[in-house]
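Working notes, structure below.
Here the chain labels run A, B and C in written order, and each chain numbers its own residues starting at 1.
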Amino acid sequence: MDSKKEVKSLSDLPIMPSTIGTMAWNQTGDWRYLTPVVADKLAPCAQNCPAGVPVTDLVNALRNERVQSGSTMLLAHNPLPGLTSRLCYHPCQSKCVRRKIDRAISIQQIERFFADTGMNVTVEKNSKTDKKVAVIGSGPLGLSCAFYLGCWGCQVVVVDPRDHAGGALVDLSPEKVDPQLLVDEIRRLVNLADIKLETGFAVDFDKPGEAVSEADLVILDSTGLPEDFSAPGGVVPLSPFDDETTDSRIIAAKLPPNLKPFKAPMIAHYVGAGRLMARKAFDGLVMSSEQPGIAASNRHVSRKMVNVEDIKIERFSSPDTAGRENAKPGIWDLERARHEAENCLSCGTCNLCLQCVSSCPDATIRLDEDETAVTVDLDHCKGCGICAYECPRGVITMETVST
Amino acid sequence: MPQGGNYDGDGKHMKKVMMGTEAAALAAKLARVQVVSAYPITPQTVIVENLSDIIGRSELKARYITVESEHSAMACCVGASLAGARAFTASSSHGLAYMHEMLHYAAGARVPVVMVNCNRGVGPPWNLYCDHTDSLAQRDTGWTQYYCADAQDVLDAILIAYNVAEQALLPVMINMDAFYLTHTSELVDMPDQHLVDDFLPPYKPSNKLDVDDPKTFGNVCGADLFASVKYRRHCDVLSLEKVWDRTATDFCERFNRLHPTVEAFQTEDADVCVTGIGTAGGAIRLAVDRLREEGLKVGGLRLAMMRPFPRERFKEAIANVRHLIVIDRDVSFGAEGIVAQELKAVLFDRREDLKLTGFIAGVGGKDLAVETIVSLVKQAILGDGTAVEAGSSFWTDVLP
Amino acid sequence: MKEDARHKRELFTPGHYGCPGCGATLAMRHTLGALGEDTIVVMPAGCWSTLIGIYPYSCLTVPVVSVAFASTAAVAAGIKAGLSVQGNDHTTVLAWAGDGGTFDIGMQALSGVAERNDDIIFICYDNEAYMNTGVQRCSATPAGAWTSTTPDSAPKAQRKKNIVEIVAAHRVPYAATASIGSPKDLEGKLKKAQAIRGLRFIHLFASCPTGWGHSSELTVEVARQAVQSRIFPLYEVFDGTIWQLSPMPEKTGVGAYLKCQRRFKKTLAEDHLHFQMQVDEDWQRLLDKCRPENSEAQGVGCWYEKSAMQET
């Protein structure tokens, strides 16, 4: 910000009545009684995803052809996208605001695009610590839990009594899920997280075996197990979705009975539960408040939810009907996937459309130098509220902020 | 266009018979003005008509804008000058009055515009002839005001005016009497273009409207700085007298002609001095000769500059005078003749020993003949005459 | 403030005195954004000459001259002539006047530059009253709108002057309406204007929360509604003869526009239907002018390429 060039003598002024500097020294921010707050909010689709995938961020990454970073983002919430993109009932799509214009964005197809073509990533992992974890059960919950613990630095072994990994997924018909896909997906997960998988390993708690006895923590994926299952020393059941913690060495991940608004758990629930379980376990083991490596970004998913009323449908250009009549599942190339992504209204999530920047009478809401976000110049913003009104996706709200 | 002419033999310059307005147009051409704004009003029209032809025939590389009013005429000049070009226009009487706001603006903007004003009566009722109220009513605007004696004076003064204006960054008004100067043909020396170029270089301002050095000109000024801005302008106008003297001296060295701000005739030993502005100077000189023949120790004085007022020069010229007679071809209604009023202000410290008699004469084109001036002087000295008293002034040629 | 060779710099800086939500400042931002830094702005007394800053500081970093009220167009013509005679024919000279300085006191000089076809762009930023001096009525004020000199006891009977028709009658090469609610349309028109020689005129709708009595956040929305309801339709006129509509969303009624502005409280209560009828009539008149068979010329003539000023 320019400092005011002071005038102390006649020689400081030009002979003609012309100016010597700008008005930037004038802090018109003092005029303000409401302040624009730029904050991404959870879109209706993301609000409805049991795995907590930040759908709009993912779609925006695709819109900008940042496939690698989109894949990383996806894996940060869901390490089995190849499966979810074929099995999930996509509750995200049933809340998509775009339905009010023409039809919902094919979010599941986009996820499948990332899963099938965008997975040549290596995820950022912490180096292995000395903490050992045994996960019993290789269903989506167990695998997901094992994946995150492995990425965060635990030495993890997943054991399963059955010959094939996958838990209940193994029992699905080949039409529902190709067995080879299941194998590939699990192998990829195991490789990415650098964890061990031992199938055909029935855990007998009297003779637990190395993997379990040496573990600092044993996590039991109790999906599919009888209610009265027990182990010596006690198995403490823990719901992944609440704040409860425990000191017990053996814990069982258990989904709560009420998953409103959903009637029954879906694969996405298990995947999400596995991640949340891993976080509790990791916090208990390592006692660290720093969330390292992958999934760092979702540590505090404290975004508010966007009001659907704040999405200004009428502001979007007329429906882009070309190519959108049929969103047939199948293999989408980057072009097709990006085209779909471009139609996303990005509810609650800033996609740098820059309507706010363009409509500010004071040029005080601006694109950052690194062009990743817009910020408000609080020294000059007069709080007129145009940016908040003009944002078609509810990212900006006018609030009383104490300075 | 000048009617005839003859070379004076040495091939260096030429003399031609021409009217004062033609001389003005020629001066603008010699000064290489770059933008001319033109709005017609009698009796300046000859100036803009001549210039339109001069520019049309590419004798002068300039832009000629036929504006829709005098206010716009000055506005165009201001704009052109701020953009860094030398600008010129001419007006008179009501036209000058119409551009009054822009006169303040030009002076405040510190643009070196030179304008010719042909002194003509202000109505209603309409009057086309010589009267000085129009320009004198603008004396507070900050424009330098110079009053010409003859056509040569017109030509030369315009050249000097551009030089002075561009040094001081202040606009200059060159005044000439309607019809006595505008439409009277005289022999005028036409200086060579390259000699003029030497005397008057191109206008190259450092502060102007420039996209490579952007500034805002003229925005709102608070009470904190307004006085300072005006104060500086006032000081600069006061200093302009010296700039004019220096420049006129330089002009004289090159072209061998004097253009003093005060022209005195036989005032050194005079008890009485009669003074006026404009072409009346010629009649005053002859009247002084006549009165001296009759044994009266009278001197004469033609004031060429009214703003900035040449105080020291003037006071020096009348140091020995005991009675000053002022002939005004103008009036400030309810007060007195404007020149008389100005002189009284300058001579305040001589109020004990100097008497001042003011006459209003020759207004609206009424001829100021030598006989008239002689009789006014006699009325002033002897108290016997036909001029009628009204307030502090004596009016001639009014109905009973 | 010396710069090197002309590089991209921020032409509009914060810290100015415009009201929160000022439509006129938004108008200038969009305009300078499109015209670029090789622009000189001439502005008369009005909101802009006051909000621009206090001497000796200014919020614009293009050359600006703040001129006497009636003289905008004439000073601009003078600047253009001054630049041209020095060999500069590329700098855009922008006359930027409010509605008072265009429709009323500036009308004479505007007619002058239009008739002479002087090579300047004249933009009237229209907030429909003398806002800077405290919301007094001018000939750009719509009939029935409250102003401090047309209070409820003495409402304005006369309808808004149609300035584009007046300018178009001078057969200028380009005249158009634009709105801060349609910035892309404005940008397109500015770029188009910049490529034409001669007098180009843009009538630019600039909402005013202070004078119109609407919430400051609705400045752009109100401008959109004005276009949508056809109270302020978007169109262009080429050579004074070819009238062409610009793309606009589907026409809506005037209700929403009237409702959100306190200045139309009386109109909404007492005169709504009549107001709607007048808008519909004007819209139909415009549509009639836009029919190809009504255009006098078949194509754009080249007469405007000749400068009105005498060339050397």
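Just so it is clear, a contact is a pair of C-beta atoms (placed from the backbone, for glycine too) under 8 Å apart; a residue touches a chain by one contact, two chains touch by 3 or more.
Fair warning: this is a prediction, and the values are worked out from it, not measured in the lab.
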Pair sharing more residue contacts (C-beta pairs) when A-B is set against B-C: B-C
Chain closest to the assembly centre - both centres taken as Cα means: C
Most distant chain from chain A by Cα centroid: B
Whole-Å gap separating chain A and chain C, where each centre is the average of the chain's CA atoms: 47
Distance from chain B to chain A - Cα centre to Cα centre, in angstrom: 82
Centre-of-Cα separation between chain C and chain B, whole angstrom: 42
Residue list for chain B, restricted to those that touch at least two other chains: 109, 215-219, 221, 225
Set of chain A residues in contact with two or more other chains: 7, 13-14, 17-20
Numbers and ranges of chain C residues touching at least 2 other chains: 1, 52-56, 58, 61
Interfacial residue positions of chain B with respect to chain C in the complex: 34-35, 37, 52, 55-56, 58, 60-69, 71-73, 75-85, 87, 101-102, 105, 109, 209-222, 225
Chain B - residues contacting chain A, complex: 108-111, 169, 207, 215-219, 221, 225, 228-229, 231-232, 236
Chain B partner contacts - residues on chain C that touch it in the complex: 1-3, 6, 37-40, 42, 49-50, 52-56, 58, 60-68, 70-71, 73-86, 91, 108-109, 111-112, 115-116, 118, 309-310, 312
Residue ranges of chain C in contact with chain A within the complex: 1, 10, 12-18, 20-23, 25-26, 29-30, 52-59, 61, 183, 209, 215-221
Residues of chain A defined as touching chain C within the complex: 4-5, 7, 13-14, 17-28, 31-32, 358-364, 377, 379-380, 382-386, 388-390, 398
